[in-house]
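Input: structures, listed below.
Note that chain A is present in both complexes that follow, paired respectively with chain B and with chain C.
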Partner chain A sequence: MPGAPAAGEMLQQLINAIVFGSVLTLFALGLSLAWGTLDVLNLAHGAVFIFAGYLTYELTRQGALSFVPALIVSMVGAGAATVALEVLAFRFIRTRFANKRQAELSMLVASIGGAIIIDQVVSNETGATTFGPPSSIFKVREYHLTGSAGITNIQILIVVVAVLAAVGLDQWVRRSRQGRAVRAVAYDPVTSGLLGVNVSFVAISTMFVAGALAGLAGVLLAVNLRAEEVAVGQDYLLTAFAILIVGGVGSVRGAVLAAYLIAIAETAVVAYGPTQWRDGIAFLLILLVLLVRPQGLFAKAQFQRA
Partner chain B sequence: MSSDRAGGQPGPGGQPWRGGQPGLGEQPGPGGQGASREGAPALKIDRLSVRYGHITAVASVSLELPAGAIVAVLGANGAGKSSTLGAVAGSVKAHVSGDVRLFGERVGGRPSHRIVARGMVLVPEGRRVIAPLSVEENLLLGAYRQRSHKQVRAKLGEVHELFPVLRERRGSPAGLLSGGEQQMLAFGRALMADPRVILMDEPSMGLAPAMVDRVIDAVRAINALGKSVLLVEQNAVAALRVASYAYVLDRGRIASSGSAQTMRSDPVVAEVFLGLHESASRASAEQGPGRSEAARS
Partner chain C sequence: MFSSRRLRWPGGALALLVMAVTIAACGSSKPSTTKTTSTVSSTSSSVAASATSSTESAGTIPVTFVGDETGLVAFVGKEVLKGMEVAVKRANASGELHGKKIVLSVMDTASNVSTATVKMSDAVKSNAVAVFGPLLSNEALATAPIAERGKVVDIETEAEVGGLLQIGKYIYRLTPSEFLYYPLTVDHLAKLGVKHVNLVYASDNPTLTEESTKLLPEWTKKLGISIGTSVGIPSTTTEFSSIVTKLETGKPEAIGVNMIGPAIASIASALRTSGYKGTIFCDQSATAGSLKPGGSAANGIIYGVLYSPEMSFPSSKEFTKLYEESFPGEKPQGYDATGYDAMTAFADAIAKSGSDTREGVLKGMQELTVAGSFDGGSGPLKFTGPEHREVSGPGALVEWKEGAEHMLVQGTPGLESQPLKAQ
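Entry: the complex of A and B
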């Protein structure tokens, strides 16, 4: 069958892009949640993501825990690290500054501090080299498709988890009682308090969910690649910014769509185009979106009277 | 939240009036329902002070809201009305001292969400609807503390009954409602929490005269549901139409108080706050509130 190898190659690239897009989705969801609801531009999100991979590595390398318990503990650890930033820094900044812009900038700087601390802890413990959980914790199986293309069970798991997390988060924010409170706190924390919402609890639980999502992405990536390093977190953070701008801040659907869009574009450039342009793709997309539709592809509808 | 509790004893202060009867005046409410302590007023504020840094916004204000009544707090801009309500509801960032009791239970110094849980809700100045959320979501948010889905639905039905416009526009973002509709939404949202006491901060502000009448009717209807209402207003004419008793707040102090009837005929109130005489009100505005203090009956 002529052309089959090429088709197989293309399918493999598509699978790679979808898996990459799924990790990006998980990563971007947490970043978008914190930014879109609490106005926290958490630059420690990438560090937390790597931190979770590191936790899984620590917990599994001597065979102490198997995959699922290690995943859960690492997600809780990532959530707790993010909550620590909220409790130790963001919360005080939010109450001290009357000006929202100033508060946002201060939180951004505080989160850089948090990122440096977390990165340093991970670097110290791993000797600043690549690290990853042993292959024994997850029996990787490859399923052959047409031609040379194949997909592994961990890749399938990543895609399924990303879709479930995106749908779950979207429903949680849009339909649940707690999700309503999150959106209300995002818009007006004082009035939310007057309606009976415990604002600091909502902020802490939102940051926990954001951190746990970063942790989920970090663990799955660590298990998939079996080699991670601190610098990877920064790469994901930059790409996730592009995702939020392209998709529209605070929009779960926009983030998902943009994550896959950027993943496919980057994969295509690496596979067929000038490889060195790979990191430029995300920023080219930012530029295009800012020119054509500055509010993002999935911006919120108008809700204020003119 | 920084709040230092000075005093604290509910002892008799410089209280011009301590009427025990619920529903005094022309608007007798059902009164006294759900009272945690028999005979205790719905709300009793004792020597409340609010300081922002070195600026004292409210100085030793004491007032009382009998169960089932509507009591008005009148005053010009900057008289300390909003600070008083904010301190009572737990939403101001300031130093608050004094004693606040809800049906005899001390609630002062608690964060706002705890006070809502005790049965008192503030309808904030400027309505403060959550603009991007739909009308229905705003109402559901009002019932945030109620976890029973059935109870929430029942309350939603009651509120729709009272304000049909909120049913008609339930899917619309709250920010797209008119000012009057937003005020109805703010009322409905407060009712969703099923409070015993509702604090209202300037509900008529920025509304057309016809809308002001609708708001006053709504206040009366809310009171008829058995809610005790503390109504803060700059629009004294409107407030005195529904209130049974009124306090006049001036530069952070109670300048005068009395039944709505006496307050309506009080020349100082008439001049200064009702603005019946253009020139008089302008003159007194220049002289400041000393006049009302001096001319107080």
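Entry: the complex of A and C
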């Protein structure tokens, strides 16, 4: 049947897009959370993402830890690194700059500094070369579907974890007491503080969750890719900006939908178009959205915040 | 081999810009940091205020490696330096330098063009009689004119960019282009009976793009191998599933992965996980240990290399032995050999001219090129190209197996490029 291979290939590319969208979702959720609630455009998010992959590599290469404990420790490590940035830099900037724009710009620059430091640490420890956790920590197996299409167990895990993380974060921000505090701080930190919200704690816990989400994505990607280098995090950061702008800053649901939209668009270009234009897709979408709906496709107003 | 990779994110670009401005400012106001390598005399050459020296120095021959010891290609720079250190040790012990000893200093470019130009200027102002590096093509293009204007021989390694040697007579490139021994890989594919290959390559890397879109199609055509899908992707790509699916279309007997960095192991792993059983071949970028993370999925990957510890040439065996003595427990790799080759040629030039002034080094290098070849760690290297200021080498074809390279074929020395024997 001549059409069968094409159908199988199409299904495979759809699966590829869903897996890619799931990685982007995990990556973008943390960035969106920090930006949407604390106005921190954390350019160190990509470095934290790779830092988690590096931690897993270090924790597993001598057989010290198995996959799940290494994942948890790496997520905590990534969260701690982000909290360190909040405590050492962002918090001071927030309190010292009355002008919001100045504060945002200063935090942007501070996060670049954080990214350089984290990248340099990883680079020094890995000899600035390729690294990845040993294949023995997670035996990757492929399950054949129809035709030539298949999906691996790590890909299934990525999709499931991304969906759970997105739903969990959405519900946490919308329904939990802590989530309401996050939204209140996002809306007006000064008034929130006057009303009894511990703004400092909210900021630290939010940054920890953002970092841990980057860590979760970083570890799963490291296992899926098998090999990483420091620059990998920066590439995801670029696509994540597109996701946030297309989805609407601070909108969890928007970020998820935008992540899958961009993943499908980029995969389609690779599969059926000029492959080298893949990265251009994200920027084209940014441009279109900025022209047509500057607040993002899924933001109902300037302030949606989850 | 290296071309500059594009900046990957706005933050990185901003950070690099800030760093470049800072470094440039520092470079203009205070002396640069210079490190003298541990294998040589502690009488370090100072960059500070020493004027350009054309007089022979007493007892020592100062040279500087303006190299990438940190930054994007630090993993290469560190190996090149180790190779140089081995060659310095050998030359100093041999007595061929008329009783003098080479003192090697290092200036770190941090894989940054601005830093590299500052460091090259410092090196030219110093009493160094020759400079080596830097490694990235864009760094080399920016710094070679400084060496040329300073009338100091600059021996490049790794930077394969076109136009480099046209900058002037003081510029040499002593790392053979991979284009010269890539045919060994294609020849082997033909011998395996491969008739149809698909290919992915880094479209933002000029060397890999030329190799993949121009040379490889010519070579494969001569051997009756057709290239089906040829996919160019940015070297920064991190999502490979869709590309792997595309590479498997048409069930090719071999798939080429002319990428750099972690992409090679990631694509190979994805191919093997999806059940691909054909041959995977790639560019020599795989030598930088980038296959290790691939584990067993990387077994069987073949690629051409400049140097293999299994080479049978006497000079290669000597290099391997000296390296293992200098760095116990370590196996030399191609980048070590390029550093060794560059420094060996320099020592041979001093021996030939009998002078260790800058003019003497140039004269010695010119005499060496007239001789036609010299014996390096990579085997007999033949001078070729414009004014014979670059070299060709035999190279070898290796297979990655259980975490190590194993030589399959050794190239033939003395040729401009390796022939396609299977045609």
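Quick note on the criterion: the second predicted complex is superposed on the first by the 299 of 306 C-alpha atoms of A that agree within 3 Å, B and C clash if a C-alpha of one lies under 4 Å from a C-alpha of the other, contacts with A are read in each partner's own complex, and residues count from 1 in each chain.
Here is the rule we use: a contact is a pair of C-beta atoms (placed from the backbone, for glycine too) under 8 Å apart; a residue touches a chain by one contact, two chains touch by 3 or more.
Predicted model, so just to flag it, every value in this text is computed and none were measured.
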item: First, second, both or neither for A:V197, with chain B first and chain C second; value: first
item: Which superposed partner A:R183 touches (first chain B, second chain C, both, neither); value: first
item: Superposition-derived comparison: chain B or chain C, residues of chain A touched; value: C
item: First, second, both or neither for A:Q13, with chain B first and chain C second; value: second
item: Touched partner set for A:T146, first chain B, second chain C, both or neither; value: neither
item: Contacts of A:S205 with chain B and chain C, given as first, second, both or neither; value: neither
item: Chain B/chain C common contact set on chain A; value: none
item: Touch list for chain A against partner chain B, complex; value: 95, 177, 180-181, 183-184, 187-188, 190-199, 300-305
item: Complex contacts: residues of chain B adjacent to chain A; value: 89-91, 93, 111-113, 116-117, 121-122, 124, 128, 130-133, 137, 140-142, 144-145, 147, 173-178, 189, 193
item: Chain A contact footprint on chain C (complex, rising order); value: 5, 8-12, 14-15, 18-19, 70-75, 78, 203, 231-234, 236-243, 245-246, 248-249, 261-266, 269, 273-275, 288-290, 292-297
item: Complex interface listing, chain A residues touching chain C; value: 5, 9, 12-13, 15-17, 19-20, 23, 43, 46, 108-109, 111-113, 115-116, 123, 127-132, 134-136, 140, 142, 148, 150, 152, 155, 221, 225-229, 231-232, 234-238, 266-267, 270-271, 275-276, 278-279
